[in-house]
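One structure is given here, and the rest of the page talks about it.
Chain IDs A, B and C follow the sequence of writing; residue 1 opens each chain.
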Amino acid sequence: MDWLTILTTTVHAAIGWEVVVYGLAAIGVNIHFGYTGLLNFGQAAFMAVAGYGLAVTIVVIGLPFWVGILVGLAGAVLLALLLGVPTLRLRADYLAIVTIAAAEIIRLIFRSVAFKETFGGSDGRRGFNNDFYEINPFPPGHYGIGPFGFNERTFWLLVVGWVTLAVCCAVVYLLMKSPWGRVLKAIREDEEAVRSLGKNVFSYKMQSLILGGVIGALGGFFYGLYNGSVQPDVFGTEMTFFAYTIVILGGAARVLGPVVGAMVFWVLFVFIGNFLSEAVRAGYITVITETQVGPIRYALVGLGFILLLVFRPQGIFGDKREIALDAR
Amino acid sequence: MPDNQTTTRKAAALAAFQGLEHEPGVAKPDAILTADNVVRRFGGLTAVDVGHVEIQRGSITALIGPNGAGKTTFFNQLTGFDTADAGSWSFNGKAMNGVPAHKVARSGMVRTFQLTKALSKLTVMENMRLGAQGQKGENFFRALIPGSWRGQEDEITKRAEELLVRFKLDAKSEDFAGSLSGGQRKLLEMARALMVNPELVMLDEPMAGVNPALTQSLLGHVKDLREQGMTVLFVEHDMDMVRDISDWVIVMAQGAIIAEGPPDSIMSDHRVIDAYLGAHHDAPLSEEELQQQLHEAEAALEAEAAEEEAAK
Amino acid sequence: MRRAVIAFTAFLGGLIFLFAGPASAAAEGEGLKGTLTHQGQPVNGAKIVVTTEDGQPVQELTTNAQGTWEVAVPKAGKYKVTLDASTLPPNLQPRGGQNVRTPQVFEGNVSTVLFPLEAKAAPGEAPAADPSEGALFRQAAQLAFEGLNLGLIIALAALGLSLIYGTTGLTNFAHGELVTLGAVVAFMFNTGIFGWSGMPLELAALLSLIVCGAFGYFQDRFFWGRLRKRGTGVIAMMIISIGVAILLRNMIQFFFGAQNESFSDYTAQAGMELGPITVAPKNLWAMGIELFVLIVVGVALLKTRLGKAARAVSDNPALAASSGIDVDRVIRIIWTLGAAIAALAGIMLGLSQSLKFTMGQDILLLIFAGVTLGGLGTAFGALVGSIVVGVFIQVSTLWVPPELKSVGALAILIIVLLVRPQGILGRRERIG
C-alpha cells in the first residue's frame, strides 16, 4: 500500500481543481435550489455552454481568450433566458424534467456528427488554454510543502480558482442578506404569497436562474482550463447531480455550504477511490478488480446521497428549521 | 376621540348604503372596485359568471354564498391569480383585467388566502419586511451595496414593529413564521398585507381555522382597517361574523351574484334562502349549515395540524 | 427508518452479488474503437483497416458479434480508418458512401470512430441518392414499424412510471434503472450464472420479471413506504430517487461491466418480407407480448377491484383510506407491477437493441416524454404518448441525423410542457 500517494492525492483533492469546478457549480445550484427552490437539473448544460463557448471561440473562430470568456458567459445568460422564459411558470417537477431534457439536447448536439466541424463530436475541443497559462505570473517550480504541492501551472489555476470562489461566496453573502435575497427565499416558501405582496416572482426567478447559471459557467471555464479540453460526455447529468450532492452535503441555503461540501465530497471520493485501488493492487482486496473501483465509488456517492437526504437533509451546516427540502 | 372617529367612519359607510336597492349589481355612490361580465369556466363547469358588481369605498363588504358558489374563484380573477375567460373590472377607475397579480397588489389591492400562506421558514419580521413596496434593496445591483438600502430597511423595520405591536405579534418577531399557531398566522398574514399600504384589503375566509379565543381580536382588526380609511372585501361563512362587522353583503350562488343588501335583512331574502337550501329542500337550513361548518372546522383543524407537522 | 434503509441497501447488494460477473478490462494506452450497428442491430464481420496518416498499415480486423472493434495504436497522432464496404451485409452501405475516417488519437485516449450505415436500395430500384417515392414510402413504413416497437417498449416503462406517480406522487428518476435491471437479470439467467448453464431466454425473462417484481415490492416495503410514513415531501422523494438511480446504475455496472451485450438467443434473426417492410419474427413476437401486457394491465385497471382501488388512491389517498381501501397494500402492488413491467420493457429493449448498464438511463427521458405527452398520472395517456414518441423518433431519422433523433423527442417534451402541461389527454386542473 502506497500510503504517501493516498495521502497526497487526498490532500490535493481538498483544495484541487475539482473543488473549484464543482464548488462553483454547486454555488450556482445553491442559488437555484437552496435559496429560490428552483429545481434546475440542467446545471451541467450551463457549464458545457461556457466551456464550449470558450473553446470554440478560440480554436474554431480564432478570437482571443477574453472574447472566449465573454462568449461563454453570454452563452450561459442566453441559455438561462431560453430555459427560463418558458419554464419558470411551470410546476417544480416539470421544471426539473424540462431542464434535464434541455441539458441532454445540448449534450447530444455538442457530440453529434452533424456539428463535428464546430464542436468536435465526441472528442470535443482542445488547445484553448495557452493564453491563460501565458499570463501566469508564477515562475516554473514547485509550490507547496514537502510532497504536498503543485507545479506552477496548476498553482496559477488554483489561485485564480479560489479567488473566484471567494468572490462568488461574498456576492452570495451580500445578496442573501439583502431584501433581494429575502424575496428569493420567500419565493422558495410560497410564490403565490410573494406575488400577492406585489413582487414580480417571474423576474426574480429569472435573475436567480441567470446568476446561478453564470456562476456554474465559471466552473465550466475552470474545467476546460485545467484539462485543456472539453468533451460533451463530461457534461452529463451526473455532473449536475454531483453538484446537488455537494449542496446538500454542505447544507442548502448556506453561503459556504457548497465550498465545504465540495471539499468533503472530493476528499471522500478521491480517498475511497485511491484506497480501494491501492488495496486491490496490493492484494488486500481480492473480490473486486481495479476497474470495478470506479463504479463502486459512484455507487457510494448515490448511497451517501440517499442517506444524507433521509437522515440529515440539512447537511453539515444546515439549520433543520431552514432547509428547502421538506414540507413541499 | 378614537371612539368618536369609529362612529364617524362606520356611520359614513352606512350612510352610503342608505336607500340603495337590494338588487344584484346595484350602483354605489363611490365605487372603488367595479366588475362587469366576469366569466371563468373549468371544462364544462362555469365557476364564475358575474354580471355587474361594485364595491363601496371605505366600507366593509362581505361576500357570502354556499360552498362552491365561486367566491374564491372570483377573488382569484379580480386579483390576477387566475385568468378569466371573459370580462373586465377596474380598481380606482383603472382597468385591471389581464393585469398580473403582483401589479394588482402594487396598485393597492391586496389579498390574503383561505389557507394561510405564512412563509414558514422566514422569521415573522422578515415576513413583514417583505410586504413593503418600492424597496431599493430588492434591485439586484443595489442589493450588493448594503449602504444603499440600509436606511430604508430601518424605516421598514420600524413600521413593521409598530404593526406587530398592534397585532400582538411583537414578542414573536424573531421566531420562524412556521412556529406560529393557525390564528397567529392569520394575524401575520393580515399585518403583512398592511405593509403593502393597500387601499382595498381582500380577505379570503379570515376566520377559517382560527381558535375562538382569537376571533374577537381578529374581528377588531378587520373593523380597524375601515377606521384607518381602507376598504375591506371579505369572504366568510360565519354568519355571526358577517352580521357583526359588515356594512353590506353580496351573495353569490353558482357563480353569479344573486342578491345584495345590508347584513341584518339579507338572510331573510328569499333568493338567498333558495340558494342556501338549493337542492336540499328537504333538510332544514340550520342542520345543513351546522354540518357544513362542522366539515369546515374539521378541514381547517386538519390543515393546521398538517402545517404544524410540516413546520417541525 | 434507519433499519429500513440498511435492509434496503443490503437487499440491493445481496440481489446483485448473485450476478457478479467478470468486468471487461479497460484498454491501456492509446487506441481506436467503434461499434458498427444498423437500426440498433450489431453488424458482424465487417472488415476495418487501420493505417497511420501516411498509409503505414497498423492493423486489419473484423467486427465481432456485438458489432464492436478495438485497435491499439503505437502512439498518439492521426490515423486513417477504412471500412471495407464490400464486407458489409449485402443490404447495407455506409451513409453517403463515406467509408474513411481520419480520427485524432490523443495521449492516453481511446478515440471512437463510427460509421453510420444505411439500407441499400434494392437492386433494380433507384439508388439512394435519388429516392423514388416508392423507396421513401418503404423507408418511412419500415421506420414507422420500428418506431411502433420502440413506442410500445417506452409505453411499458411509462405505464409503470405513471402508475407509481399516480398513486404516490413520486416522479421516479430511478425508473430507468428498473428497466436496465430487468434486461440485465434476464441476461444473467440467459447466459448462465455461478456455474449454472444458461437457460432459454423465455424462461430467463420470466424469472427476471419475478425477481424485478419482488425488487419493486421490497423497494416500497422497506424504502419508499417508510419515507411516505415519515411525511417526506414529493419533491424530496424525487431528489432521493436520483440518488437511488445513481446507486443502482453503478451497482449494475459493477457486476455487469461497461460493455454492450446481447442475449444468447434470437440475436441475429433473419428478417422476413411483410408488405413494404422487413421484420425479424422476434420483433413481431415482442410487439405481440408488449401489446398483450399493455391491454391486460389496462383492462385490469378498469375492471378489477384492485384497479379501481388504485384509481381511487390516485384520486384521493385520504378518501380512499377512509372508505376502507388498504392504501399501502395497493401502492405496494402497484410498485410490484410497475417494476415487473419496467423489467419487461428492459428485456424487450435488450432484444431489439443491445444491453448496457446505461440503457435505462438513456431511455428514461423518452419515458418522461411519453408520460408528459399523454398527461402525467394517466395510464392511457402514457400509452398513447409513448407510441407517439417512439414513432416520431424513428420516422424523424428520415430528415435528421440518427444521433440527433432523441433531440426531436426531447424538444417535443419541452414544447408540450409549455403549451399544454396537462398533456394531450389530461384535463386542466381546477384552481381554487
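Basically, a contact is a pair of C-beta atoms (placed from the backbone, for glycine too) under 8 Å apart; a residue touches a chain by one contact, two chains touch by 3 or more.
Owing to the predicted nature of the structure, the values given are computational and were not obtained by experimental measurement.
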item: Those chains which touch chain C and also touch chain B; value: A
item: Remotest chain, chain B as reference, centres from CA atoms; value: C
item: Comparison of A-C and A-B by number of C-beta pairs in contact, larger one; value: A-C
item: Inter-chain centre distance, chain B versus chain C - centres from mean C-alpha coordinates, in Å; value: 53
item: Rounded Å distance, chain A centre to chain C centre (Cα mean); value: 28
item: Distance between chain centroids, defined by C-alpha means - chain A, chain B (Å); value: 45
item: Chain C, residues touching no fewer than two other chains; value: 231
item: Numbers and ranges of chain A residues touching at least 2 other chains; value: 326-327
item: Multi-partner residues of chain B (at least 2 other chains); value: 81, 310
item: Residues on chain A engaged by chain B in the complex (per definition of touch); value: 171, 174-175, 177-183, 185-186, 188-190, 192-201, 207, 211, 321-323, 326-327
item: Contact footprint of chain A on chain B as seen in their complex; value: 79, 81, 100-103, 105-106, 110-113, 117-122, 126-127, 129-131, 133, 135-140, 143-144, 146, 149, 153, 176, 178, 192-193, 195-196, 310-311
item: Interfacial residue positions of chain C with respect to chain A in the complex; value: 1-2, 5, 9, 23-26, 103-104, 106, 111-112, 114, 116, 171, 227, 231-236, 238-240, 242-251, 253-254, 361, 365, 368-369, 372, 401, 403-404, 406-407, 410-411, 413-414, 417-418, 421
item: Contacting residues of chain A [partner chain C, same complex]; value: 39, 86-87, 90-94, 96-98, 100-102, 104-105, 108-109, 111-114, 122-123, 126, 229, 237-238, 241, 244-245, 248, 288-289, 291-292, 295-296, 298-299, 301-307, 309-311, 313, 325-328
